[in-house]
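Residue numbering begins at 1 within each chain, and the chains themselves are lettered A, B, C, D and E in the order written.
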């Protein structure tokens, strides 16, 4: 099994739209995020070799896929592309669609039973594609792509149209595949919770260009991108590490840049990395650390800045520990009651959410 | 303009699946929610007259659409159905698709300019359907259905695949249409935030049957349905009414069953109804009402019940005022620290969210 | 060179194709979409005229359309004209003989279009007729072109049956195929070559025009 | 009744359809999917054999395939056999003459399938050849049936060109169409009716079987 | 090997009878290919594997001789056809022959194509000579050969036909009266036969031509309505 990265620098010109994207995909999940029509599907198609007009270079590990001289045909790229519309083969049953992929399997990948059970396809095997519901078809398409043993997975909104219970069932499968088989996954989605649950890195696109490509935590924590992410409120994502388990109370203790934090027990061992999401609404400011509350974590913080975001609402940036930062939004009245001003030290109760579990 | 309700009691039998659904759709938005494959699309198709095997009765106002004796053909039902896949006519441009619908307009409906601008279609008018991105096609399909002036709108995941900025742009249009034109809208979605933002009522389906059909607030507030709704945490939705505006502080004061609550200013006049959503994570329990916090609302509450939902996490039901109820989840440690037990009186800080605004 | 046979053939082919499209379109539609149990037998029936040698088909048409025949008799009684040896008789024969070339491509095209676009149109208020005309037919355009081309070309080149039913009356039923045949038979190879070449070049240019105009690519997204 | 002509015709039609499918499938594919600027002219060219009257086409084929012809000459030199008045010659003639009936429905079927299923197959590791055989062809099945039916029936009924190139040699090139024709010519109407009826009934049953087996509904979701 | 005879289709039925007689008398089997004279000629010039060609006219055999494809000394006239006027049942034939035909009684008159078929040419000559052509021209329909002209009559589509006399002797002939057209009105329809240069069985072919000119054949030909050969031929 080879764990090769994909490097690309491609352009595509269409009347009224042009794509110019550059990047490097490591094994692991990269979320591709951007407004409808910004060129996500077009980029996937370029990487897969399906866009004739695509110019530039693409290299998978040592193998050039596209350059001035070569253009490896799509079927030789060992790409798995799950299209936005499921595109099952109508003349084959669900089983036939899966078999088709499995017979052409290129490299190691998840096993048939694993795929069928992970995606809940067993009951559907004998059905014709035309007799599937929208979400059922989408799952079959995903399973089919996985069974073909790709070296690069391009997923165009694969969980869109699925209910959240089903999404939660499928996510573990999607999360483990890139690690187990050492393949890069480029995952298009419009759902922030999917990015947070699945992706290691995020590539933000706008109008055919790549705006940024960085870790999910740094992009989500950066105010510059909140608008594009469609975040209604400020958020930070802190990397952390499990340091202890408090079995008496069913708690797990984490070390973060903001200090030690306690959360309700998660199934992770000391040393394991975790990512924590703290949204503005998970932060309560108080003058004093309260005697007892249902919020476990109380941190001394310093007001870094104040900014009125709309009538009556003030966005407060807070510093915690040495380098951690935090946001919340309070009313004008709270600003007065808490006497908030830049530099003021105050207490924050926070309720961090561990990413990669439920959304 | 007639504001007629749709009553139906239909069954549909397929190998391995059977639908049996009954209900009454009033003008306004009803969300149709349920797991993938539970029969949402099938129900829509039955109502539209597209399923030959559909048995039972459907009546729109005074007009029977289906009964033992009659089966009004689909095109005479004045239904607008936005399919899960956009289904634009490939031989017509975007403009042609819109024109097609407008020329066959049946009753009053939103104007052309309103639809084009509300859905952001102006730039796309001359494009061919095959040259649209997934989300663009979805928007055109929605616009086309609106322009045809339907008396009943059936929307099968119309906003799925759109980024949240675009969703926020479209929602106002979708929200006003049922009121302005007196038409019932049945809206299939897997996204809770869309239900909360758009729907008046929700119809929950499971395995071909209608589990419940009631107001969004009562269904979301009922623990029975949280699993099916895919809610990771308990939630209540409280109906409320604007009683005053505190212009000094940019606050709006609401009267609810839980008492008076203050929220940051919303554009509503005294007397206007609002719906408030309070999720478990928006509730902080404290022993005493704190001197000053960034949370505006502090309520005396009574512990109604305690239930361990998973290792280390206890779900607490709280009573507020005379009839309001509230939920939160705390750690086992907090249960001890706050000495939580049934009947105990304690304080809750809550941060209610007004529905129908941003999600 | 006498070009009358050319005009007769062009007229015959045009009228035949027009009649075939008018009759064949609803038939093809019914074959593609119908749910009757007669669908399959009728489908099989449509192809049968092809199986008979043209002159034999012509022979049976002579019986059928003749003044004593089951069709020609009543026709004569009503109109006072015989069907055989008339342009009308030629059209009927050509229509029967070219029927499968028009109906089958159309049927396939309608099947490919399928029921989904029509459902969509119904949801926008289009009646089945409206949807058929504004959606199904445009989407089946490729089938119409193929049907038209095959029907037209086959009628131009057809010869045996037309000869029988038409009686090769100069200026009336002597089509170009008969004329070329006569030139070959009478060893007037020059004239035969010239007429054949003219026919081929004309047809080629016409087809080139049709195919170019038509683009033949709409709806196929690659 | 002498049934040899029937066997000859069935053989001829089978071989012709087989050859046509083998040659016509890639050609139709290229016409449907190719991007060459020769696509449209070739498309127009394919329909041309239809335009000529069969006997005239037969005349040109006779010259082309004859021992002094540009095809028949080299063939004679290499194989020692003449192409004309042989079964092989009949096959070549029928293939040319029925070409449009096979290529055009196939071309339309491939166009309807479009490029998307092939893209999908490529993403699962299928080579273009593999995808063509396992995806495009099965999805174009309706086109294959139509192509086969039209090609077979037209070859069964064809007569003028075959008579010219084949010479009606009993047991070798006298096809059933020629036999029926001769029966009619020699006033043996009884034999002609019997053979014609047999041909029609056989064809009808065969078509019924094909259409029933085929279902002709897969892929159409209504 | 059987002798391969290409025959003009109007002579196919007599030839089948002759072939039986020829075989009976030990002449061997015949392999018969029928077609229009013109077609057969074209085939022969393009290498058709025939041994003997029985044409419906004299021109085509002569051309083959001129072109060196047939041997001049093996060129005979094997039959002399007569033209008959045939009327549908219920229509009286003119007492004074073709010249007396009343045009108003003719709804349609079928002839073979004069450009292609010798009987067609003869029919036209007879109509012109009797002055009927101008009156009937717009009611004349043409079959590609005599056989087709006869089919028009047999299927009831014409009231009259000018066809070969051989049909009057045919077992399956349709009802209706017929009369021979006076041979003065048209040039005689002479049908010539040649042996082709390329034949592998010249002796057998020669034997067949001899048989055709023999008494047994003459009887059969007369039965089929062909005139005996003039001695001058």
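Worth pointing out:
What we mean here is this: a residue touches a chain if its C-beta (ideal position, glycine included) is under 8 Å from a C-beta of that chain, and two chains touch if they have at least 3 such contacts.
Each chain and its UniProt protein: A, B = Molybdate transport system ATP-binding protein; C, D = Molybdenum transport system permease.
What you are looking at is a predicted structure, and each value in this text was computed from that prediction instead of being measured.
Chains making contact with chain B as well as with chain C: none in this assembly. The fewest steps needed to get from chain B to chain D, moving only between touching chains, is 2. The chain with its C-alpha centre at the largest distance from the centre of chain B is E. Centre-to-centre spacing of chain C and chain D amounts to 19 Å, using the average Cα coordinate of each chain. As a whole-number value, the distance joining the C-alpha centres of chain B and chain E reads 91 Å. Rounded to a whole number, the gap between the C-alpha centres of chain A and chain C is 60 angstrom.
Among the residues of chain B, none is found touching two or more other chains. Contacts with at least two other chains are made by residues 39, 42, 148, 151 of chain E.
In chain D, the positions touching at least two other chains are 55, 59, 116, 119, 184, 219, 221.
Applying the touch definition to every pair of chains gives A-B, A-D, B-C, C-D, C-E, D-E.
Chain A makes touch with chain D in their complex at residues 48-50, 73-75, 78-81, 83, 87, 89-91, 100-101, 104-106, 130, 144-145, 148-149. Only residues 36, 38-39, 41-42, 63, 107-108, 110, 113, 115-116, 140-144, 148, 151-152, 155-157 of chain E touch chain C when the two sit together in their complex.
Those residues of chain B whose C-beta lies close enough to touch chain A in the complex are 14, 16, 34-37, 40-42, 84-85, 123, 127, 131, 133-136, 139, 156-157, 160-166, 168, 190, 192, 227, 230, 232, 246, 249-251, 262, 264-265, 281-288, 290-296, 311-313, 328, 330-334, 336-338, 349, 351, 358-359. Contacts from chain E toward chain D in the complex involve residues 4, 6, 9, 12-13, 31-35, 39, 42-43, 46-50, 145, 147-148, 150-151, 154, 167, 170-173.
Contact residues on chain C toward chain D in their complex (touch as defined above): 33, 40-41, 43-45, 47-48, 50-57, 59-60, 100-101, 104-105, 107-109, 111-112, 114-116, 119, 142-143, 146, 149-150, 153-154, 156-160, 177-178, 180-181, 184, 192, 196, 199-200, 203-204, 207-208, 211-212, 216, 219-222.
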